[in-house]
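In order of appearance the chains are A, B and C, and numbering begins at 1 in each one.
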Amino acid sequence: MKPSSILSSLNPATEPDSLASHERAEIDASTRGPVLLFFGSAVFWLLAGSLLGLLSAWKMTHPGLLDSMAWLTFGRIRPAHVNIVTYGWAFSAGIGTGLWLMARLCRVPLMHSRLLVSAAVFWNLGVLVGVLGILAGDSRSIEWLELPGYATPVLFIAYAFIGVWAVIMFRYRKPGHVYVSQWYLLAAFLWFPWLYATANILLVWQPVQGSAQGAVNWWFARNLLGLWFTPIGLASAYYMIPKVLGRPIHSYYLSILGFWSLAIFYSWNGMHHLIGGPFPAWMISASVVASIMMFIPVVAVAINHHMTMRGHFDALKWSPTLRFTVFGAIAYTVVSLQGIAMAIPSLNTLTHFTDYTIGHAHLGLYGFFSMMMFGAVYYIVPRLVGWEWPSATMIRWHFWLVATGILLMAGSLTFGGILQGLALYDPTVSFQSSLDYAIPFRWLRGISGFFLLAGHVVFATLFILMILKVGRRREGPALFAAPDDDTSATV
Amino acid sequence: MNVAEVHGSILREQSEPRDGCEPVPLWLLTLFFCIIFWAGLYLAYNSGGFRSDVFDSSRTAWAGGGATETGPVDPKVLGRRVFTQNCVVCHQTTGLGVAGQFPPLVGSEWVLGGDWHGDNHLVKIILKGLQGPVQVKGATYNNAMPTWSQLTDEQIASVLTYIRSEWGNAAPPISAEYVKAIRDKTADRTEPWASGDLQAIPAEKAPAVETPPPAPPPAPAAPSA
Amino acid sequence: MNKLPVIFVGVLLTFAASWLGLVVYPFLALGHMQSVPDEDTGGYFPPTLSGLAVAGQRVYAANGCIYCHSQQVRPAPLSTDIEKGLGPRRTVARDYLRAQPVFLGTMRTGPDLTNIGLRQADANWLHRHLYDPRSVTDWSIMPSYRFLYKMRKIQGWPSGDALDGLTGPLAPPAGYEVVPTGDAKALVAYLLSLKRNYPLPEAPMPPAK
């Protein structure tokens, strides 16, 4: 590759790559089977995961709740919840979205769809077997990787199909400018198998001795969120925001800066979950530094999205896709800045080991990623089934229920966590006090779980109605309100 | 799929997303380099010299110290451990022994000195053992105490220091050098002592042990050059 | 950024850097540590676990104790763990040599358990606490693990294993006793083994007061 060709590849395309409508139709038709299969699985796991999450939350305020049976004990329900929402809901929704985005951005119809359908079946099988294994008592108790050793190879095989497919698609794409969403998707598809294989080998199959396990565990868990879910979420945002508005992304150069600084710094963050732990000082310091450096990609992405939206925020009034996506994008900025703050050792003394971390985790995986996925689903599914969402009112209910739920959850756990942390730090205060301070906030968190579950039931109902094409045929998209500008009815 | 249905939702779409050409804001680049500079400083001061055995980030390699902060080992801690591992079987954790079988150490003239007993006798007993009838605090015991010469001089000195300052006993500590001196002097003897043998040897007091100065605080971290 | 090789190589190299630093390095430096000999007793630090305690680790993992309990003592001034009595010194990598898996934990909904074997050396108390936490500590939010125990009619003499002094709504009625299953005994043996009160070269014990 000559230097001049690398340099020329740094210039943004001056002309948009066009896709004729019939090409789009062909591409969408080719993605129909796998994407709907992944989305359908995702919706199922979302409901199951929300139920278990609700149960876990109320077990903390009412420890006697359903505590007589081994398979319902908190220590098993909680990891079952985490693994279902992560590997069941988030993965399936993310892969479904990623497949559709890849096909659109490669500008070729999806190839080898049977490979992907097999992948979906294997994936769901792996998650089901794994979660039942956790409830039966085979949990590894490795956070974010509790699935027993007999389930993880199934997931890995399913993923291998997807990874191979992604590389083939990219190789056979229509030549031309590679849009930023594709960098993120390609990177995510390449990073995940390396992460998953390393973590499984060094933690599950040939466990490394001693506290090195903690390092590998949190390198994996941090990167699962930052190098798998974050890129997919950002890929969706980078596509949906300019697509719905019909405007270009503000700055190609900020996209480059954001992508590479994420790639360089994010993967070193892992040890910030273990500040003060049994690790050499330099590892912890490296993670603290890398966490602070994350300021750069987060701000770059935030500027890009904000400046693209600037002057067009009234689109949030009518577009469901945009409303969910922008909520997710704002949540991404907030949760990342919160995470950077939590990595500073003097603040970490207050937040470590408290509910604050749980609030942060939910704000990230739900407030950012799940909301992003809802936005993507609302955009993609009409194009696959040839039907419009039957009820804008239901979409509105969905949005407000889950927005209230996640804000209530994150807010209550943040405040409660700080009080808990203050009590844990003060040597004159008993351990009991840290529990007492947290009680009212744990109640609020439990209530937020009802909001979230209700929102998910509405969402699942909408999804099923779409698949079954119920209701009268709608002309034009389901929007919250009539758009002011005729040309903006593009959802 | 009905082509007309598909075209409905697809026709109204905008064109595929594309990139704009705005430059990266200067303030962001400036901020980037400021953070990198700070990051370098933080890593330099808080990485413990990038050693794998330094766990506390506040210590750097330039402080001149090694990985471990070693002060002199507190002899009482070592002594208690040696006593627990070796002596409690007979003399009990309370130091009271077992009536009629094993003599007590609490308030014992053998331990504290007094009458004809000296510190040299005490050390000799540990090194060679004691057998035959002995008088302790007015009671007679006739048992066999084995030799403990396999313990190091430091261990013997610390356990003797321990029993001389525990349970209300108050006698000066014994140093490892003193134990070594007596070990060398009695190197030829293979038999355990009997009470009479010891009584024939004049009593000696162990030399006073200087309490070691407290470990100096580590030198403050200073970057080199 | 239009070429697959550029993106591929860049993505690979950036990831390889952290893989080397946070995975390969700990694997080499921390993953092959040896125990250090104890001169006084001829034993080793950290001490080996009894077979029952090793089995207890499995029960600890299966029931998700890490989601409420941590097992690490942090140093001052970053934390007040030592001042609060969680242990005589901070924990270091070598302390976890015998642990499989390593239960560092990230939540303190319940107290840290690094030195629970020092704080609670009484097996019966631990059994009672697992059976019905609120009968022992009324403010506890720990769930009951009574599925690890069996309530049965006393046959002849009460069993030597039976839990002593149970009170509260889950206490056995007259003529009945509560005995631990093998899992419960293993778990308690593991908890009793949790002590970090020995010195290591990289973490000496603080001088006795």
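In this section, a contact is a pair of C-beta atoms (placed from the backbone, for glycine too) under 8 Å apart; a residue touches a chain by one contact, two chains touch by 3 or more.
No experiment lies behind these values; they were computed from the predicted model shown.
Ranking all chains by how far their C-alpha centres lie from the centre of chain C, first place goes to A. When every chain is represented by the mean of its C-alpha atoms, the one lying closest to the mean of all protein C-alpha atoms is C.
Counting C-beta pairs in contact, the chain pair with the largest number is A-C. A separation of 32 Å divides the Cα centre of chain A from that of chain C. We define each chain's centre as the mean of its Cα atoms; on that basis chain A and chain B are separated by 49 Å.
For the pair chain B and chain C, the distance between mean C-alpha positions equals 24 Å. Shown for chain B are the residues in touch with two or more other chains, namely 52-56. Across the assembly, chain C contributes 29-30, 75, 90, 92-93 as residues in contact with two or more other chains. Residue positions of chain A touching 2 or more other chains: 177, 278-280, 286.
Listing the residues of chain C that touch chain A in their complex gives 1-8, 10-12, 14-15, 17-19, 21-23, 25-27, 29-33, 60-68, 70, 72, 74-75, 78-81, 83-84, 90-97, 99-109, 111, 133-134, 139-148. Looking at the complex, you find that chain B touches chain A at residues 1-3, 5-25, 28, 31-32, 35-36, 38-39, 42-43, 46-57, 59.
Listed in rising order, the residues of chain A touching chain C in the complex are 1, 5-6, 9-10, 59-61, 63-64, 67-70, 73-76, 78-79, 137-143, 170-171, 176-178, 183, 186-187, 190-191, 194, 198, 202-203, 207-216, 219, 223, 227, 256, 260, 263-264, 267-268, 270-271, 273-280, 283, 286-287, 345, 348-349, 352-354, 357-358, 424-427, 431-432, 434-436. Residues 52-56, 67-71, 74, 76-78, 81-82, 85, 152, 155 of chain B touch chain C in their complex.
The residues of chain C lying in touch with chain B in their complex are 29-30, 39-41, 75, 90, 92-93, 201-205, 207-208.
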